[in-house]
Amino acid sequence: MIKAGVVGVTGYAGQEMVEILLHNPDVEITSLSSRVEKETPVSDMFPRLAKRVTIPCCPINPEKIASETDVIFLSLPHTVSMEYVPAFLAKGKRVIDLSADYRIPVDVYEKWYGFKHSDPNNIRKAVYGLPEMNRQSIKKASLVANPGCYPTSVILGLMPIAKNIISAGLDVVVDSKSGATGAGRKAALELSFSEVGENFKCYKANAHQHMPEMEHVLSGFSGSEFKLNFAPHLLPMRRGILSTIYVRHKGLPGAEEIHGLYQKLYAGEPFVRVKPLGELPQVKDVAGTNFCDIGLTVSAGMLIVVSVIDNLLKGASGQAMQNMNIMYGIDERRGLE
Amino acid sequence: MIKAGVVGVTGYAGQEMVEILLHNPDVEITSLSSRVEKETPVSDMFPRLAKRVTIPCCPINPEKIASETDVIFLSLPHTVSMEYVPAFLAKGKRVIDLSADYRIPVDVYEKWYGFKHSDPNNIRKAVYGLPEMNRQSIKKASLVANPGCYPTSVILGLMPIAKNIISAGLDVVVDSKSGATGAGRKAALELSFSEVGENFKCYKANAHQHMPEMEHVLSGFSGSEFKLNFAPHLLPMRRGILSTIYVRHKGLPGAEEIHGLYQKLYAGEPFVRVKPLGELPQVKDVAGTNFCDIGLTVSAGMLIVVSVIDNLLKGASGQAMQNMNIMYGIDERRGLE
Amino acid sequence: MIKAGVVGVTGYAGQEMVEILLHNPDVEITSLSSRVEKETPVSDMFPRLAKRVTIPCCPINPEKIASETDVIFLSLPHTVSMEYVPAFLAKGKRVIDLSADYRIPVDVYEKWYGFKHSDPNNIRKAVYGLPEMNRQSIKKASLVANPGCYPTSVILGLMPIAKNIISAGLDVVVDSKSGATGAGRKAALELSFSEVGENFKCYKANAHQHMPEMEHVLSGFSGSEFKLNFAPHLLPMRRGILSTIYVRHKGLPGAEEIHGLYQKLYAGEPFVRVKPLGELPQVKDVAGTNFCDIGLTVSAGMLIVVSVIDNLLKGASGQAMQNMNIMYGIDERRGLE
Amino acid sequence: MIKAGVVGVTGYAGQEMVEILLHNPDVEITSLSSRVEKETPVSDMFPRLAKRVTIPCCPINPEKIASETDVIFLSLPHTVSMEYVPAFLAKGKRVIDLSADYRIPVDVYEKWYGFKHSDPNNIRKAVYGLPEMNRQSIKKASLVANPGCYPTSVILGLMPIAKNIISAGLDVVVDSKSGATGAGRKAALELSFSEVGENFKCYKANAHQHMPEMEHVLSGFSGSEFKLNFAPHLLPMRRGILSTIYVRHKGLPGAEEIHGLYQKLYAGEPFVRVKPLGELPQVKDVAGTNFCDIGLTVSAGMLIVVSVIDNLLKGASGQAMQNMNIMYGIDERRGLE
């Protein structure tokens, strides 16, 4: 029985993490904590967990958390995770960090997040937790940087043809749309129902902090610099991300061959499903699951790839669970079926 | 040309007030103000008003506002309106207050709003601005207390049979459901899209501050004490209120006769529509309009009345416009068609 | 391993039934069928089940289905279930019927559903599948009539005080609100997004076919006739039911005592949670779970009970799973945690 | 007083057309018709029009309609409009057709709509009703082909730089998202609330019939062939279109200069608003209005233009009203403020 702790249970990813851990028969939740003032029954904070979780949510005490757990999930805002990671690693704990703090090189981080990183050494030790790319490294990792939600959908949508794109010198346009839980659980006028409902907007066009994450990871994977354009949008719905990816079909293999690359790369993957050529996935196909569904079509000289995930599962807590399963050598699907 | 000012344009009712005033060809908007720090173009605050409103939004300066206007609409939170009303009245201005500050007797106000009223004398001068009940008094009023959104839907739904209900000594159950704009424009976790979307809840059951308003007004109208039960609910939509009203059909006239009472009372009303007996209205029938649609059915020994309004129009700014038109002796429908 | 079949997988309850069965480690899905013309991969019909379900969806062939299964879930429209139930029972299969066909006496059925019942004898053999009321009978049943969605929320909300209400001769008003999946999966203008979104309506006030089901079951439970008023409403959301129940607090025990009756009756129930007195549940507390959460408050002389469920889980397929677990003597929570 | 008729009032554009005509003080609605079996009160079909429209909805009788009207708005499905247009033109009536039947050359139409055109001659007489492009021709037109909803948002977003794009030989990617009313008012499973709510999808990527319309119109405007890629998406909301347009910023003028081209072209336009450079519009800025708001930003070597409209107003009936006003030489804003 793996003893797991979740730090930061009050956010949407934290809550979802608890739900998933409850589904994993190999795991016992032994510690829940958050930036609360005092120990609080979880069911007071989240009535939906009443009768399901019996341990309380405690203030964050790293010593105590480390003593109670084998593996720790950090569902904290970026810049906060780095305050706790060193202590947990020093105690020999395995850490899966859902924040952005350990995903990208320190200079890129400091540029895009506008914050001095206090723990740059551990960035180098961290493994980027995308199983489809880094499964072998994740197995041996003590610190996993769980990917961002947009990057998960986009990187999985581009991986099979990333090298071809670089060779052909093509532009890539990524137009992503996310449900409102992606913006986190907080009081903010622009996230209120009356502002988001019946509304739709583009924000941070080519200026979102997930863009360098995608470029960094795809560059590392491809062995040369990978550049893309990225415009995220806010959907009037709760969960799900759909990324529409446009690549000019010039210098790329034929449609069937491209489709074959996707099928081949993801053939053994438990959580990636490639649609038949010409069919595109919808958010509802993956909502509430850890799947990433990918479809592609070539027409009018353009390759269009559509990739969908549940932002709180494959885009956050589900992928964290998958990573933990890999780290412990158990079936990747435990808790996620 | 009537010179109108709106104090408190940043809320949903304030914005809607501006939109409606723009539609009224007898009105010129001469003053817009709000609790802002400095003069700001309205289009910076609300891009949808760009090219439509040219005057800026200013900090609230009662002297200046009074000098620029004939009539002032106060779209302020309760407890704030009372800070400004005396000054405007002293200058001889007509005031339509959309807050709760002048709707109910001072003792009831202080009990339910938990706030010491600083201007109790003007409560007595205020006319409750429900045209269908108080048209003649509104004509002569200098201060109109614009009704609450829930009370508008409920009082209009009960007026035609209020006296019958009292005579028969019947219980009344009012189950109301409101869109999220009814909660105001503010940053609050419980109003965020991710909390309100795909959710539904009951709140303040028999403990909402609009309950005494309904009881007070219906009692005044009926000449004896009118009591009801009231449970409001929050809908995952932006606009609209539907109130389902249950009255045991015992000691009341027959269904046809009751229906006739509704038809008779509202026959000449420009903004109340009574459905054929047995047909019930839906929110979409009135969304974006100043109408209150009412339907009723009698079955299994129960009279069920359903009343719908747009909470920002007939439930707030539309009714305020109607009141202004009455005060100025012009067609009630100006700006509202 | 229990071999389970689902007849009628194309509806929302049918799909949900498959999802839940996949979660139950004691069950193997051995048959899926529907009114399709020919054998079809399930993933063609429901891409979200790709890689998760490997058997196809077949046309409904009772002989074949019976030969492949131990227990059969019928997710069919009312009037259709009764065509298949006799054959399955004759083969000694256990049947859980999610339609209304076996819930109420034949005369009540024929009156409210307007359809001549072709299998009245089996109605008498059927057990009404509300575990909190009929657990012992369910254990021994070969045919379980799974309760309606509204009735589940309302009966659980009234059971603890049903006898008190009858003794005191009180009126009961039930105002229920349901998400759109409750109306089924079908092409209908009035169910289209553009009609349901940003809209809210009351329908079939005191004329809905679930009203006699509630009255029949509560009467049987109480030993005397139980009458209530029932007005359902359609919410602009996908899943969930909230019922607000109003009972005059006259002749009933005190608030604390009533609350105690709820706590006592549901103390050992795995899927009913009673909130602290005065706190009310929300739909999101139970969405995606098999729980029924109940809260109550007494004020202004009225007892108000609020009951929430997920209409597709505790209101349909989740409860069916719970019933199957009871029939097989395994942990009721299997597949539902 | 202009006597106006609407043919096809049962769709969303038809209903909206009626609402707008009611707002236009220069217009009297003298004829409403639709494919109904017999004369029907409009308020029976659309309760929201009760007390507002008194003439009935009649079956489509071209003779009668022509005799009652000066101008006719056709809100009919494509392939149906062409059945009626010749008769109305022969009677000397002015016609504004909201369908696609007269927007594009007959060969393009027949290829993309898969239907033999029965009235090709009038296509040549029709003026494409985009006032910002064809105001002078609209003034003199007897037949206006009202633009499609997607094309309106995209063409306005590209017009100021269309020639520059062609000169520079650049790729254009258009990723558009539309509310569900864009799909029309009809019974269809894929348009049901339970399918569209909490879902998002891409459809007809580079295969939508509005793509050739955009290319044809922009080519005509630019004087050389204009090609683009176009992927539409379905939003879980009722109204509004947002188009995100990507053009590589290579061979184009600088950001400020591009912004200047937009400001200049639209300086005198009553219904196009250009945001300050770097600011992007949202759907709520234009919902319920006839405005098209456009914002643009240049970063990471890419020009990104965002264009928003209300699909039923500037994207359909509002633009039709604007066209009628132009045809009659009255203020373009009549009925649209």
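Order of writing sets the chain letters: A, B, C and D. Residues in each chain are counted from 1.
The criterion applied here is as follows: a residue touches a chain if its C-beta (ideal position, glycine included) is under 8 Å from a C-beta of that chain, and two chains touch if they have at least 3 such contacts.
Keep in mind the model is a prediction, meaning the values are calculated, not measured.
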item: Winner on C-beta contact pairs when C-D is weighed against A-C; value: C-D
item: Most widely separated chain from chain C, with each centre as the mean of CA atoms; value: D
item: Between chain C and chain B, distance of the C-alpha-averaged centres to the nearest whole Å; value: 39
item: Where chain C and chain D are represented by their mean Cα positions, the distance between them in whole Å; value: 46
item: Averaged-CA centre spacing for the pair chain C and chain A, given as whole angstrom; value: 36
item: Where chain B touches two or more other chains, by residue; value: 195, 197-198, 236-238, 281-282, 284, 287
item: Chain A residues within the chain B interface of the complex; value: 12, 180-181, 183, 185-189, 191-198, 236-238
item: Chain A-facing residues of chain D, complex; value: 171, 173, 175, 177, 179, 195, 197-203, 205-207, 211, 227, 229, 231, 233, 235-240, 242, 244, 246, 248, 280, 282-284, 287, 297, 299-302, 304, 306
item: Chain A to chain C touching residues, read off their complex; value: 22-23, 47-48, 50-52, 198, 270, 273, 275, 281-282, 284-289, 291, 293, 337
